[in-house]
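Two complexes follow with subunit A in common, the first pairing it with subunit B and the second with subunit C.
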Partner chain A sequence: MAYPQDFLLWSAVDLLWSIINILFFRILLLNLPNISGWTFNQIIIPLGFVHLIGAFVWGVMYSNMKELARDVNKGNLDLYLSKPANSQFLLSTRYLDFNLLPSVVVGSFLLWYGFSINNISSPSSLLIVLIALISGVGIAYSLYFMSVTTSLWANRLQNIQDLFPNTLDFAKYPSEIFPVVTRFIFNTILPFALIGYLPANILLGKASSWLLLSFLATALIFVYISHLFWNFALRHYSSASS
Partner chain B sequence: MKKIIRNLRLVWLFTTTNWQTHSQNRIGAISWIINGAITPMLMMSIWLVVGNRQQLSMNSSQIVTYYLLTIIVSRITGSWSLYKIGGLVRSGDFSNTLIKPFSYLIEILSHTLGVKLLRLISLAPVIAMLAFVLKDSLILNVSLTTGLLLALSLIMGFLIKFFWSNLLGLLTFWLGEYQSVDNLDSLLGQTLSGELIPLALAPPLLQFLISYTPYRFIISFPIELALGQTTTHRIIEGFLIGGLYLSLLFLLNKIIYRAGLRKYGAYGH
Partner chain C sequence: MKKYLTIAKAEWLDALQNPGEVFLWIILESIPVFIMGSLWIANKNNLSHLSVSPGQLVTYYFVVLMTSRIIGFYFDEHAQVEIRDGTFSKHLLKPFSFPLYLISNNLGGKIFHFFSLYIPVTLLLLITFRSQIILPSPYNTLFFAISLILAYFISFAISALTATAAFFWEQSLSLIHAHWMLVSTAGGYMLPLFLYPEWLQSIFNFLPFKYLYYIPAAIFTNKLNFQEAFSSLIYSLTWAISLNIMAYIFWKSGLKRYTSVGG
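Our next item is the complex of A and B:
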């Protein structure tokens, strides 16, 4: 917030990204009733989820992951490793970027709009949204953290912090559009398909609410795996800078 | 003339130095390659699904070839000078470039060329592998003339992107930050360069915007040439507009740079 012009420009660009995303789906579905069973009105809901998770990724994670990659490259990680606290937690929570605010507003608007055009009004839907967001954040955090942790082996990976935010784009599209192998990967190893489309399926009555619990369990497992992966990677950290 | 030769020598010297420095870390190119391939592969999957269900003005082979070329072309024409200049201004290290006996542009250009050439070599086996996997769907018939025009369009595309990126980086003198400008550049780049929607598949308004903004020359124009999706008239028009943009951006860079220096506090943060 120290740079108001930058913040205002960021907000405007964020809004524009959302408009472009929606327009892109509008163009895709100009002459088609649906894409892999998803109508334009239904797609607004997963887009809302992905936007909110994106706000977390850009606002909470991005600066921390960028700094983590830089610390590995400069050999500055030792300072955090020597502190009497969980190093993964310390390195993940150093910065908070207020640039996330516009994305939160836009994502919330998309969810609200998606609910109203799809006639979703049950009170339980709010609980579904809450659990889905917590689970989505858990999965996004774990995958992002693990992707940047790979820099402990390579020492210097160009723009490694941009890799996950870019791949998050896969979550905007129904996994059914991808070939079988890719679909399998996006539902299991890199569960992008779960972030937006699983909760949307539940909210639209296309899937059982019980799947939400498996989503939450998956998120917890991924957070734990990211912790194990971090500890494993630390054994390969040389403290050498480049 | 003497000055141009001296500058070219400096570009060569710094390019080779950057090449040598970064060649120690070739594995760093992995994330650069993956980052550049994500959107084209994603868009290819989507347009293939749409193309299977409705008649499009591009068939599936053209779609596959288009997006494979997008990965190559975007990596050739891409430039990260926005980050480089933005970072230098933000940290106050831009002052170092001011005391050197040559333009900051020479240093930025050499860094971009040195690293880019190295990365392109790393990209080659990946492209070869993708081309092998997708060989049945690829259609590419480039004649000598088209090849020469393609090479020229790639050089023009790179220079347009380089000066455009520089110009946006120079805005850090006023904004103090560059992330939001970079985000804006990504947004416009993806939408107007033909990366999200190829020119041939775009609705009329978007076609008009893609045709007449500088972003077209970064991806769409070279691919239109490679795929033979254009007419002689459109090729001449394209090179004329591209040349005009290049001159305009070069001029704007000089003006904005001078104005920016007056604003520059050199304190850094």
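Our next item is the complex of A and C:
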């Protein structure tokens, strides 16, 4: 925020990318009646969720994960491992990028718009959104952190931080479009299908609200696994000190 | 010539050092084709009104991916930063042409990627979508090869124009994003141009971006007839020449404005 002109410029860039993403689905659904049963009016809701999770991934996680991969390569991790605090927490919260604020606004707008055109107005829907976002953030964080943690086994993986944000694209589409095996993976091992389409299914009355609790439980389990994975990976870390 | 071959070789050897990163690129590069291929196959019963087969659409994305790796130049951001902070001077002191250095460097990396990236990605996608991939007719194979060469020079000129903007404008980094946005939409990277509304297609027809991805992919998938493919190549050639002349003029006038302090 120290450079207002820079902030405005990059916010404009982020806003334009968001518009292009929505335009993509609009044009796709001008040519197709639906995508595996999802019309444009309905698909707006999962897109809103994925957009908000995407803002978290790019705005909060990306710079931290990029720096983590670089620290592993340069041997600078010692500095954080020797501090009297949880190293996973320290390494995940070093930077915050406010340029992604337009993505938060666009994501919120998509959810609001999706609610109005689908006549979703019950107060409980706000609670569903809140739990879904917390769970989505938990799953996105865990998967992203674990993917970058694998760089501790390699000498150099400078593009590892790009892997998760790119795979998040899977969450924009209903899992029904994918082959059976991939669909199974996206519902269990890499639960991208849960991030946007599960809460949308619940909000549209296509799935039971109880599934939201399993979503939250899955997120908590994934966060815990990421913690175990980090501790396990640290045993393989070595550096020439800094 | 020997010095440019050495530059290409150096880039090739540098790329060889990181097999793990190459493996990740294979995954990253395959994701969009896998998603779009799955999407069109899942919705194949809804395509009758578009006069296009699922095979053509799957192949379209496959060709766009390969084209993007063959014609891609990524020097613009780096060059802009160097022009702004003055470290660009080091390139001007070296005994070779900077534009030819960029092309040699790019081709060196491409040769490495041909074996390490293009062949594995091709095999991976052929295994996944083996029944869907279609092949071009004999004359379209030739036209496709020509369209790729022309697209390479258009891509170089657009990246060079984006980079040289740093000589004239402080906030030129945003132009890199404008470049990618136009390539994604008007270039046909995101969606084939025939899916866009007609008014948008007519705007895109006035821009050079469709000759980067849409035209090569449309030729490969037999979406254009002989006459359309031939005239597209003429337009592509015109854009390649005029954009490179423009880039040369901007480069020369930018160098006259360029100042830096220290060594």
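Throughout what follows, the second predicted complex is superposed on the first by the 238 of 242 C-alpha atoms of A that agree within 3 Å, B and C clash if a C-alpha of one lies under 4 Å from a C-alpha of the other, contacts with A are read in each partner's own complex, and residues count from 1 in each chain.
The working rule: a residue touches a chain if its C-beta (ideal position, glycine included) is under 8 Å from a C-beta of that chain, and two chains touch if they have at least 3 such contacts.
Please read these numbers as outputs of a predicted model, since none were measured by experiment.
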Subunit A as common anchor, with subunit B and subunit C clashing or fitting: clash
First (subunit B), second (subunit C), both or neither touched by A:Ile177: both
Touching partner for A:Ser36 - first (subunit B), second (subunit C), both, neither: both
Partner chain(s) touched by A:Leu228 [first = subunit B, second = subunit C, both, neither]: neither
Touching partner for A:Leu163 - first (subunit B), second (subunit C), both, neither: both
Subunit B and subunit C footprints on subunit A, overlapping residues: 5-6, 9-10, 13, 16-17, 20, 24, 27-28, 30-32, 35-36, 154-160, 162-163, 166-167, 169-170, 173, 177-179, 182
Of subunit C, residues touching subunit A in the complex: 17-18, 20-21, 24-25, 27-28, 31-32, 35, 38-39, 42-43, 46, 50, 171, 173-174, 177, 181, 184-185, 190-191, 195-197
Interfacial residue positions of subunit A with respect to subunit C in the complex: 5-6, 9-10, 12-13, 16-17, 20, 23-24, 27-28, 30-36, 154-160, 162-163, 166-167, 169-170, 173, 176-179, 182
Residues of subunit A that touch subunit B when the two form their complex: 2-3, 5-7, 9-10, 13-14, 16-17, 20, 24, 27-28, 30-32, 35-36, 99, 154-160, 162-163, 166-167, 169-170, 173, 177-179, 182, 242
Residue ranges of subunit B touching subunit A (in the complex, touch as defined): 24-25, 27-32, 34-35, 38-39, 42, 45-46, 49-50, 53-54, 119, 174-177, 179-181, 183-184, 187, 190-191, 196-197, 202-203, 206
